[in-house]
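Each of the two complexes below includes subunit A, the first together with subunit B, the second together with subunit C.
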Partner chain A sequence: MSIHFKNVNYIYQQATPFEQQALFDISLTIPSGSYTAIIGHTGSGKSTLLQHLNGLLKPTSGQITIEKQIITPTTKNKALSSLRKQVGIVFQFPEAQLFEETVLKDIAFGPKNFGSSEQEATQLARQMAHLVNLPEELLEKSPFELSGGQMRRVAIAGILAMEPQVLVLDEPTAGLDPRGRAEIMEIFQALRIKQHLTIILVTHQMDDVARYANHVIVLEKGRLLASGTPTEIFSDPDWLRTHHLALPQATRFASALQKKSGFEFSKMPLTEEELANQLVQQLGKRG
Partner chain B sequence: MNKIILGRYIPGASFVHRLDPRSKLILSFFFIVVIFFANNVQSYLLLGVFTLFCVYLSKISLAFFIKGVRPLIWLILFTVVLQIFFTRGGQVYWQFGPFSVTHFGLVNGGFVFCRFVLIIFMSTLLTLTTAPLEIASALEALMLPLKKFKVPVYEISLMISIALRFVPTLMDETEKIMNAQRSRGVNFGEGSLIKQLKAVVPLLIPLFVGAFNRAEDLATAMEARGYRGGEGRTKYRVHFWKRRDTLSCVLFGLLTLLLLFLRNW
Partner chain C sequence: MEKIIEIADLTFHYPQQDSELLRQVNLTIHKGEWVALIGHNGSGKSTLARLIDGLLVPTTGTLKIGGTILSDASVWQIRKKIGMVFQNPDNQFVGANVEEDVAFGLENLAIPRAQMQVRVKEALQRVNMWEFREHEPARLSGGQKQRVALAGVIAMRPEIIILDEATSMLDPEGRKDVIKIIQELSQAGFTIISITHDINEASLAQRVVVLNDGQILQAATPQTVFARGEKLLAVGLDVPFSEKLKVALSRQGLHVPAGYLTEEGMIDWLCQSISKT
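Up next, the complex of A and B:
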């Protein structure tokens, strides 16, 4: 499912003194099957942009095309319910959405709403709980008895159970421990490969952007600042610094090394492996 | 969540904004009492002009005040219609069984309508120009004499402050949870009554759980910092009675005199 934004503006609480424009004339394309990262300073409009992807917000002006569905300021809510199944959104701190008596029922809630039978939904729920590494014995417990990290997994499984074609993730690993973070990111990656999902990830973790994404969108104060491959975006450390964006660790290391010693990186390394390879090469040349 | 104007604060620096919250609170209540003295066209006209003058002083667009009336319009119309049908006297225009439309009925209906609108305008003026916490702290200051009668004034005012403080937070939370559940296929406000009631469960449970967690966190944080209410506690918000507050009181006094002079005895 490819996604196009055309001159999208969004204004919160229009025509009140609290009016605030959050998106300014955004035009962009998210290719089908891509792993797109959206980065930007806090308050730059990332979450606002995400809510346009399944019609929770409709543009104040402009147009969004998702596969064949067109969303304009006047689109009716009824027309959007099929879109909500195809585009699954995992919100910032999604554990706030849990409410059912048991973990299993909560995960099955989404698919049931979208027309799966009780039995199908429960089966899907078991499958997804397994996928996000929730131990079997938790499934019949109340979601409110779990730890924060486990609740996060339940919430994510609840979205995955809807079997969306586009998976939208708003800082899915914020507040998790490093191991849990890596584990969850690997789950998304595996899903993408297995089910050809389009993934859209909002994150402040540049290492995740470098490792997983193949397309990066940079927002600043509600405007589109840049878009391109991670290599393109991270090629200019000074540009990133002036826009208050961090570098991936490996790139930061390489950039510092370049300044202090004679190393020359023709292509900035994004991950530790790339960095190591380039260093080995250059050290080899020096003899 | 965008439509609620009644009870929202619009920051500003107008004459009304800068009044002491205590004087605003007293004068608003006072005005509501005074309205009931009006009983003829001249007196209502006087109050109307005065209210518009206050609105003008606040530098807030009249549209916000009109929006404040809208949620209550059915209640107002219902009351007005009752007045029109059940007041007797004067020329009879229409009659059916116990119902009749008379001259007095129409006039009274008009007055009741004006009374409602004036009260709503004045209370909207109070909430639009005074931050909720200011209102709470003014309430505390005004209730202080009740301490003599063992009324737990500090506790009441702390409760009001906390409640007011968390209204916007809870509204944000509601919106977030609604969005999350919509994304999982819940349609709020659609379908049969049963369906709509069922849709409320996935909203209310997370909301309550969140509110309880927040209350617990807040209590812990307050205790951790050694909060003890009441006696000897100094205040961050200190009220200063200024000349403009005295001026406002004088203005309201003159208004009352003029009104007593204009009304039919």
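Up next, the complex of A and C:
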């Protein structure tokens, strides 16, 4: 499912003294099947933009096209219910939204709500639990007895159980330990490959952007600052610094090394493997 | 150096559980020291912090804080020496504005108003949040909230500050701000225990204590602990970038130095290598 924004503006509490514009004239495309990263500071409009992706917010002006469905300021909420099933959003700290008696019931809640039978929903829940690597013996436990990382996987499985075509992730690894972070990121990668999902990732972790995304959208103060491939976006360390954006570790290291020594990088490396490749080549040539 | 925390043969398990969460923990922390406590989820880090603050009682073994054995009789006196900041910035506010929130603990101690005002101002200035004193806590960013929580702790004038993953829910800028404040507090002489998964935060500590399945696996300088390389992931810490790069280089057949190198050290080594070739 491809997504297009055309001249989208969004104003919170319009026509009140608290009026605040959060999005300014945003036009962009998220290609179908892409792994798109949205980066920008806290307050850059990432969360506002994200809530437009399944109609939780409607634009104040402009329009959004998701596959064939067009959302304008006057679209009725009733027309958006199918969209909510197609675009699944995993919000920040989604484990705060768990509520059922057992893990399995919690994951099955979404599909049941959208009209699946008890049996269908339970079967789907089992599949999804498996997909996010939750061991079978946890399924009948209370979700509140699990560890933080496990709870988060239950919440993600709950969204997956609605079988969305687009999975939107708002800082899915925040607050997890490094191993938990790596596991979760690998799960999304596998989902994209096996289930052909379009993935939209909001993150501050530039290493994840470098490693997983193939399309990057940069927001600043509610405006679209840039979009392109990770290689394009991270090619100019000085530009990123000017906009107070972090670099992937390998890019930052290469940039520091270039300033200090005889190393030259024709293409800024994004991961330690790419960096090691270029370093070995240059060391080899001279040797 | 003066000992401020002495933990001897400490074991802990919850009454309803058979397995021990902490086993035979021995650890001494000196006054003014900054210790980073690391370990994977469930390794017992937070349990240890709660035992130090007397929120939990050890099953066996003893804890001494400032030379006094922690007991039912001494816990209230000891708790005044310790301030704790927790992970979630949203769960720690009671006041309607920043200033009142920082004053809350002092009100509980019945500190006279004039003195309270001085201490609140001093604490908020210390975390660079004085200009936000009239703001509503809920409307602050995560990093600002954690700095206010720290001010609430500083106003109580503790000797020991325990940060239980206080930076883990923050964005990079908020995290940087809080780490900078921790550095300043350490320089000002506070004893700091920071429980963390963040390699940058751990690298600033004088000592890193690694907990694994309820036991201390290692207690050494950050450099020594970071030399574990890729094995750090198993004890709940990110692998430093310089170590990741070394692994990637040696996979390509390059000989790399054996010991731990900081990023600067790695850059120097690469510069030397290219000038030699």
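One rule holds in what follows: the second predicted complex is superposed on the first by the 287 of 287 C-alpha atoms of A that agree within 3 Å, B and C clash if a C-alpha of one lies under 4 Å from a C-alpha of the other, contacts with A are read in each partner's own complex, and residues count from 1 in each chain.
Here, a contact is a pair of C-beta atoms (placed from the backbone, for glycine too) under 8 Å apart; a residue touches a chain by one contact, two chains touch by 3 or more.
Remember, predicted model here, so these are calculated numbers, not experimental data.
A.B. asks: Scan A:28 for contacts with subunit B and subunit C and give back first, second, both or neither.
C.D. replies: Neither partner.
A.B. asks: Touch test for A:191: subunit B only (first), subunit C only (second), both, or neither?
C.D. replies: neither
A.B. asks: For A:131, using the defined touch cut-off, is the partner it touches subunit B, subunit C, both, or neither? Pick first, second, both or neither.
C.D. replies: Touch status of A:131: no partner.
A.B. asks: For the three-chain arrangement built by superposition, which of subunit B and subunit C touches the greater number of subunit A residues?
C.D. replies: Per-residue touch count on subunit A favours C.
A.B. asks: For A:11, decide between first (touching subunit B), second (touching subunit C), both and neither.
C.D. replies: neither
A.B. asks: For A:226, select first, second, both or neither according to whether it touches subunit B, subunit C, the two together, or no partner.
C.D. replies: neither
A.B. asks: Of the residues on subunit A, which ones does subunit B touch that subunit C also touches?
C.D. replies: none
A.B. asks: Could you please specify the touching residues of subunit A with respect to subunit C in the complex?
C.D. replies: 41-43, 93, 147-149, 174-175, 177-180, 182, 204, 244, 246, 249-250, 253, 256-257, 260-263, 272-273, 275-277, 279-280, 282-283, 286-287
A.B. asks: Sort out for me which residues of subunit B touch subunit A in the complex.
C.D. replies: Interface residues on subunit B, with respect to subunit A: 2, 10, 64, 173, 176-177, 179-187, 190, 201-202, 205-206, 209-210.
A.B. asks: Would you mind writing out the residues of subunit C in touch with subunit A in their complex?
C.D. replies: Touch residues, subunit C against subunit A: 40-42, 87, 141-142, 165, 168-169, 171-174, 197, 233-234, 236-239, 241, 244-245, 247-249, 251-254, 263, 266-267, 270-271, 273-275, 277.
A.B. asks: Note which residues of subunit A are touching subunit B in the complex, please.
C.D. replies: 13, 16-17, 51, 54, 56, 77, 81, 84-85, 88-89, 91, 94, 96-99, 109-110, 113-114, 144, 158-159, 162
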